[in-house]
Amino acid sequence: MPDYPIYRDPPEQCRTPDAEERSLWGRTLERIADHCRARSLFVLHYCTGCGAIELPPSMTSRFDLERVGMQPMVTPRQADLLLITGYLSVKTLKRVILTYEQMQGPKYVMGFGSCTINGGMYWNSYATVKRLDQYLPVDMYIAGCMPRPEAIQQAFLQLMEKIDSGRAQNWKEYYRRYDHYLGEQQALFGEQFHTPTDVIGEARHYSLFGPETLGEHTAKLAKYDLYHPGQGAVDALEVKR
Amino acid sequence: MSIALQLLLMPLAAFLVGLAMVLMMRKVRASVERRIGPPWYQPLFDIYKLFAKDTQISHGVMHDVAIMMVLGGIICVVLFLPVPGMSGLSAKGDLITLLYLMMVPSLGMALGVGQTANPNGSIGIARALTAMAGYEIPFFICVAGAALHYGTTDLNQILTIQQHGGHLEHWGIVQMPLLAVAALFAVHAMLGKEPFEIYVAPAEIATGPMVEMSGKYLGTLFVMQCFQLFTVSVLYTTLFLGGGFSWFTLLLKAFAVVFISVLVTNVYPRYRTDDVLRWQWKWPTGIALLGLGMVMLQIGR
Amino acid sequence: MSKSLPTPLEGVFRRVPGVRWRQQAERHLRVELSEAENLPALLALLKGEAGYRHLSAISCVDWPDADEFELVYHLDSYTTQVLISAHIRLPAAPGRYVSVSGLYRPAGFFERDIHEMFGVQFEGALDLRPFILTEWGGPPPMRKSFDTEGYVRDHYQWVDYGPEWLAELEKRGGGIVE
Amino acid sequence: MNAFDLLLYLALATLLPSLLAPKGRSGGMLTTLAYLLQVWLLFSLLPSVSQGGSVAACLEFAAFGHTIGWQLNGFGWFFALITAVSALIASAYATGGWERQCDHASRLHSLMALNVLAMYLLLGAADLISLFIGWELVSWAGFLLMAAPGGQSVQAALRYLIYALAGALALLTAIVLIEQSSGTIQLDALRGALASLPDGLSWVVLALVFVGFGVKLAMPPFHLWQAPAYGYADGPAAAFLGAISSRMGLFGLCLVLVQMVGLERLVGLALPFSFFDAQSLLAWAAAITLIVPTYIALTQNDARLLLAWHGIGQGGFMLLGLMLGNDLGTAGGLLHVLNHASYQAPLFLAVTAVVYRTGTADLDRLGGLIARMPWAYVTLLLGIIGLAGLPPMNGFVSKWLIYKGLLDAQMPLLFVAAVIGTLGTILSVYKLIHNIFLGQLRAEHREVTDAPWGMTGPMLLIAGFAFISGMLPGLGLYLVEPAAAALGLPMPSFDLSAIHAPNGALDMLVVVSALIGAIGFGALLFLNAGRSYRTQPLDNYAGGHFLTAQTRYQYSHHFYAGLLRVIGPWMRPWLVALEQGSGHFLDLASAASRGLYYHNGLRFLVFGTVVGLLWLLIVV
Amino acid sequence: MHPDHYRHTELPPSTEYELYFGPNHPGIEGNYALKARLAGDTVVALEADGGYLHRGFEKLMEQRLWIQNIALVPRICVPDPVPMEETYARAVETLGGLEVPERAQWLRMLVLEMSRLTAHLFYFGGHAATVGLYTNMFWGVSDRDRLLDCFEQLTGARVYHMYITPGGVRRDTPPGFLDSLSEVLDYVEGRLPKFDDLFFDNAVLVRRATGTGTMDQAFAIDYGVTGPNLRATGLAHDLRRDYPYLKYAEVEFDVITETAGDAYARTLVRRGEVIESLRILRQVIDKLRSVPGPIRCPLPNPLAWRIPAGDAYTRTESSKGELAYYIVSDGSAKPWRVHVRGPSQMHAVQTLEALCVGARIEDVAQIMFSLDACPPEVDR
């Protein structure tokens, strides 16, 4: 049993320091940006599980999520919002982690359905992971199996509100606590697990470095030479499957 | 108006009009699909959000330079396109220059996408260039016909000829109806709408050129879409619809051109790459050649 | 047991030794082969002479008490329209059998599936590379000996759901009865 | 002794260093210096050749009752300048590093010098005989240069030789015919002299001249030899040949068609039973030269062949412009000769730099080199923008002139043909740069670096010139002016940056500044919009999969599959069969001639002479 | 020539390259992956890669009571869940010797056909989206929503209804349900001409779908293709008619066939089946107005329900093809073994791999959607 609750509010230090460092002009721009971000959510088109079946109804004519500025996007690069639509098999989780890391911040993760919270009805399945926020920082959960379009909309609206008010900063936590998340991932996939993305380099580049960005788990990445992408890296980047 | 002010105002106006055109496009699409569609600020918010992304991925110098080329190229094109009250630099470069300048952002995008080293992107570019070979041929036939008809390639002169007397009879579409029709087909393909949307084709190549574009890179492509809608529709208006005496008439005509295009696009699937060529080389090209023949006869007489 | 057997089947069953059949349900024959190695011959005859061109499924059942795997081949014919389920049993120890994918292409998928879920080896199969469990390190999960709850406990964390009303229900002797 | 004499002697002397110092780089350096001197000499000739003047060489002799001599006018001077500069760049490039990998560097230098000398002799011809002498020298020198690397290049060069022999014979016949009909061989005296020939004879002369010079221009149906012959030549030699060599054909063609026959006569020379006159026929031949090789280039998988095929196509552009006879067309056609040389040379040199480092020009075995060879990329990029004719490069200016000329001449269909050619060019140059420099970096090229500065410098220099002369097209047009004057063709009014036309002008300085300014604005916007992180190539979208170094995901082969599905069938059935058939025939003929040549040189000479005499007998 | 920095390696030229379709790709139905090896724009080889949706259903069902499994089975195939419930329930009934009351049988047919309708409407949208006709997707999905409302009215859930239980159904029709359903059916029928205009008669679609992913009848039978995909090759085989279950023998309907066997034929077959489903539904509604009776047979304490030992193999014609459950009971409170045979197991792996060879990039997604492959059925 983990000793922290499933829902964790974003740590305060994630947002405030940079907000205070910024000038009035910078804060105003950031405020406008948050406003725009909330009203222009690009959802990644990745049907990770069966919850995806209620997305087309939410997106299309009847509920029309474009009314609130959401539209599906194809590749992780373009998207802001990753929907984990239900249970995650181990095989999918690997892809989801890569996909998440390939998304560009600010990025948000939404867990769909009970199975992302505690495994749901697949609690004793050998193939699915039970808790999503063990591996990725999650911004919003929708309970239920299967969540109804109304619930989905409600969650989206709440997420938008959270973004608008500047509280949806969990994506920074992934950089700040990368060692923790990597450790959880390695525990599941094996010690040699790594993605071709350079999370640590990005954290350094964007000043998102935190006390837990580096640690014993990230030390294992050293041999893949991810910190200095270039000459040798291409050789080593090979995922054991 | 001083030229410096014009150089500032022309891109700004083009951008704003382009935003409105994108909004109209999305609204029309929504109503065809029986839904409400985005709020009025949506295109602007999308672009602002993309430019305000905190992290973004670059695949190399060319990827960055490409974005600058795209932004610069589209702005530069607008400077050569006369609009009511502002002729910009259009006296220094004519229709052919304009059409060639329009290829600069495309080239920039092609190079940038190439550096992202994604096969989807490369296929997308290969398809886009192929489609270009498809629609540019009829379009250039129309341009040749129009240039012969007006006896000039200077856009200001073309506008003067058409607006002479303020009657419809001098409009390109009245004088050269076949060319105007063919050019409309080509313009539709130039805007990359279904059934000629092969180079984006999300279900096949995952949006092709845009596949590795994040944040401001993608935002630039959104901006490019705004400018492209403006440029193409205003160019068509200038060549065939008599341009505009005022901004109101110009926008009325330009929006009508885009409206026809977006109305058609929503009821067609996309053709395969080779079918795009076959279609473009059959119908618009054939009509354009007929129209060209008529222009030749007129000139000969 | 049943009397009304379509004519081609009668002959086919007679020509393969060790075939016992009975009507399991309406238009569903259950065929048991005492010798597992006779199955390909039976399938070949069924396909060739009785028009059984459709292999509906191959099911595998683990019988750990007998140390056996049971393979069930479900066949259908678009002409006679009588379903046939042919049962064979294999010793679990080597867990080997011959592939029938040369006869029925769909067998390729089912054999691949059974191979990764039960660990049964099919000789001459089209493709036995993992399909679903490509990133799986454990034993074949569908075997009865595989303890899925134990595996889950070892590999995943989950939040226990123990509301008070359930505890009370259990105290009163409710809940799941074995 | 005037500057032209000096030039010829210097060109002869340029042969020496590489012959005398076959080892080491001093020979190459001296050769390069000699080319530099030649360029300087040519510029010093500019005042005397402009305004239709000319400079006669003191070298002359008498034969066949005529005085054979050499005299350089503005037209020849224009081509000679391009020749000298191309040779200078190629030689500097070779000396700068390329020859380190080459076991026959001195042979290359001396053969290139021989080529330059031969071209001077051709370009400075004062009469038909010296023209023929120069022509033959150019052919043979070209052959030797093409065949220098050995191997498959010899085969290609022999193919060229077969064509060149046939062309030479046709030319000889034409010369005899002209001499017979006009009674003189002096080019000055022949100016407009052929305008009064009867129709039938005019057609014969035209056909013979077309064959004779068209072979060098590789106009269809004589297009088969050039691409392999240039493509497989040594890199610097390929750049030199590609930049200028086949323009000699254009020179000859213009000499006869424009100077002797005159475009007015061509217009009046109607092809019986058709709408065509000789001018439009030639223009259409030029358009076909523009389109067919360009779309053949699209299907090439070897970077050098692709470029060589484009060289043929661009020749069509030049001829098209010159056949128009109006001011814009003339300026465009001649300017395109200069502009083409200025981007074709860097293109070949950049590709050669890639071959120098990677050992291959196979477009399926390259990719992603932009990270490793950025300067070669820049060169190639500037080159392809020029070749595709997009602003801001100079290729755009000459193409713009030709387009405008076509519209002014009311030839919209030829305009469309030119556009079709340009579209094909854009397509294939993107394939070229994509397959070499963009996309996935191959594992074996991970440690490749840019070519040494000795190579990179010259190619960047000439590419830079292509950009500058695009921004200031007046630079090139000043050089074109004497040529047009010598031909007696009109020129548009222009200044350093702009070309004036009443119905649509072009001010490249404004266009380029606007473009650069706008790109600068874009850069400001880009740089202020939040930082980006440079990631490594495997961090890439693959549908959620993990890419590995072993995955081959470079899309290079069959790049325009969709397009080729449509135009492939048009090419395939008869055209390819014909091409292959004639190609095989040529190979057979060249093999036979090689056999003869290798086994008994004397017998080969006798054989060649007999064939030539037979030909003369039949014709005359 | 021996360049300075040239290191000789044996890397082959990139005449062939790899392109990954999925799992994160809009051209993929669900969470599934296709690895294509391409030459130019032509597929040289295609490898299906499944297991992204693997939850180990068959194992899970061995761990749960007979009655608990009702909650699991619909989740095996999301777009068309009702046949899963029906097949499972019928297998349990066969094993346990349960008799389903007549009204329950009609109710089951009602939800089965409604589910087929929703699946086919979804299919129209999906197929259209792969070729870029998004309007059709919006229309199809929103029209499907009307049927989901009916489901909600009847079962209380939109997607996972868990309506069919062994021995009957969970609840009877609420008042006014049949009328509102009839209205929806009329609405859907009225929409069909619009779909014809937009989709089936669209010249561009016909151009794209004709001749794409063509299989002949022998190929289809050889690869175990079933359902509408098989009927599109001209073989009139339908389990509802050939092995009638429930009351299918008592309703009138036609088995729709096409002969071309390409993507367009498969779409047309489904369009025909929509009409047939409407026909069946109307007959069922009429019956439901007249047939009274209980809606399920009496069951023992479901938490201690033991099923006699034995095995059963039951098949249902789902919207995608032949769906079958093989259930073995050892007489305990839980199934000993459940094997799910989904039609997509045949369509999405071997058939798709074979059909895509020689196809073009443009058509891969279309071929997959036109087979109506459902990955969760494959992965279970």
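A, B, C, D and E label the chains in the order they appear, each numbered from 1.
Note that a residue touches a chain if its C-beta (ideal position, glycine included) is under 8 Å from a C-beta of that chain, and two chains touch if they have at least 3 such contacts.
Since the model is a prediction, treat every value here as computed from it, not as a measurement.
Common neighbours of chain A and chain D under the contact rule above are B, E.
The minimum number of touch steps separating chain C from chain D is 2. Here the chain at the heart of the structure, going by C-alpha means, is B.
Using mean Cα coordinates as chain centres, the one most removed from chain E is D.
The chain with its Cα centroid farthest from the Cα centroid of chain B is C. By C-beta contact pairs, the most connected chain pair is B-D. Note on chain placement: the centre of chain B and the centre of chain E lie 43 Å apart, centres being C-alpha means.
Once the centre of each chain is set as its mean CA position, chain B and chain C turn out to be 61 Å apart.
Chain A and chain E have Cα centroids lying 32 Å from one another.
Centre-to-centre, using mean CA coordinates, chain A is 40 Å away from chain C. Residue positions of chain D touching 2 or more other chains: 440-441, 443, 447, 531, 533, 535, 537, 539-545, 553-556, 559, 561-562. Of all residues in chain E, those that touch two or more other chains are 17-19, 23-26, 41, 51, 54, 56, 59-60, 63, 138-139, 142, 360, 379. Residue numbers of chain C whose C-beta contacts span two or more other chains: 133-135, 141, 146, 148-149. Two chains count as a pair here when they touch; such pairs are A-B, A-C, A-D, A-E, B-D, B-E, C-E, D-E.
Touching chain D in their complex are the following residues of chain A: 46, 75-77, 94-96, 98-99, 102, 195-198, 201-202, 205-206, 229-231, 233-235, 237-239.
Chain E makes touch with chain B in their complex at residues 17-19, 25-27, 41, 128-135, 138-139, 142, 198, 202, 204-205, 207-208, 360-366. Looking at the complex, you find that chain B touches chain E at residues 29, 32-35, 119-120, 123, 194-195, 197-198, 201-206, 266-273, 275. Chain B meets chain D in the complex at residues 11, 51-62, 64, 67-73, 75-76, 79-80, 89, 91-97, 100-101, 103-104, 107, 110-111, 114-120, 122-123, 125-127, 129-130, 132-133, 136-137, 140-141, 144-145, 147-148, 151-154, 157, 198, 206, 211-212, 215-217, 219-220, 272-274, 276-278, 281, 292, 295-296, 299. Considering their complex, residues 368, 370-371, 374, 377, 381, 385, 388-391, 396, 400, 403-404, 407, 410, 412-413, 415-416, 419-420, 423-424, 426-427, 430-431, 433-434, 437-441, 498, 502-507, 510-511, 514-523, 525-526, 529-535, 537, 539-543, 553-556, 559-563, 565-566 of chain D touch chain B.
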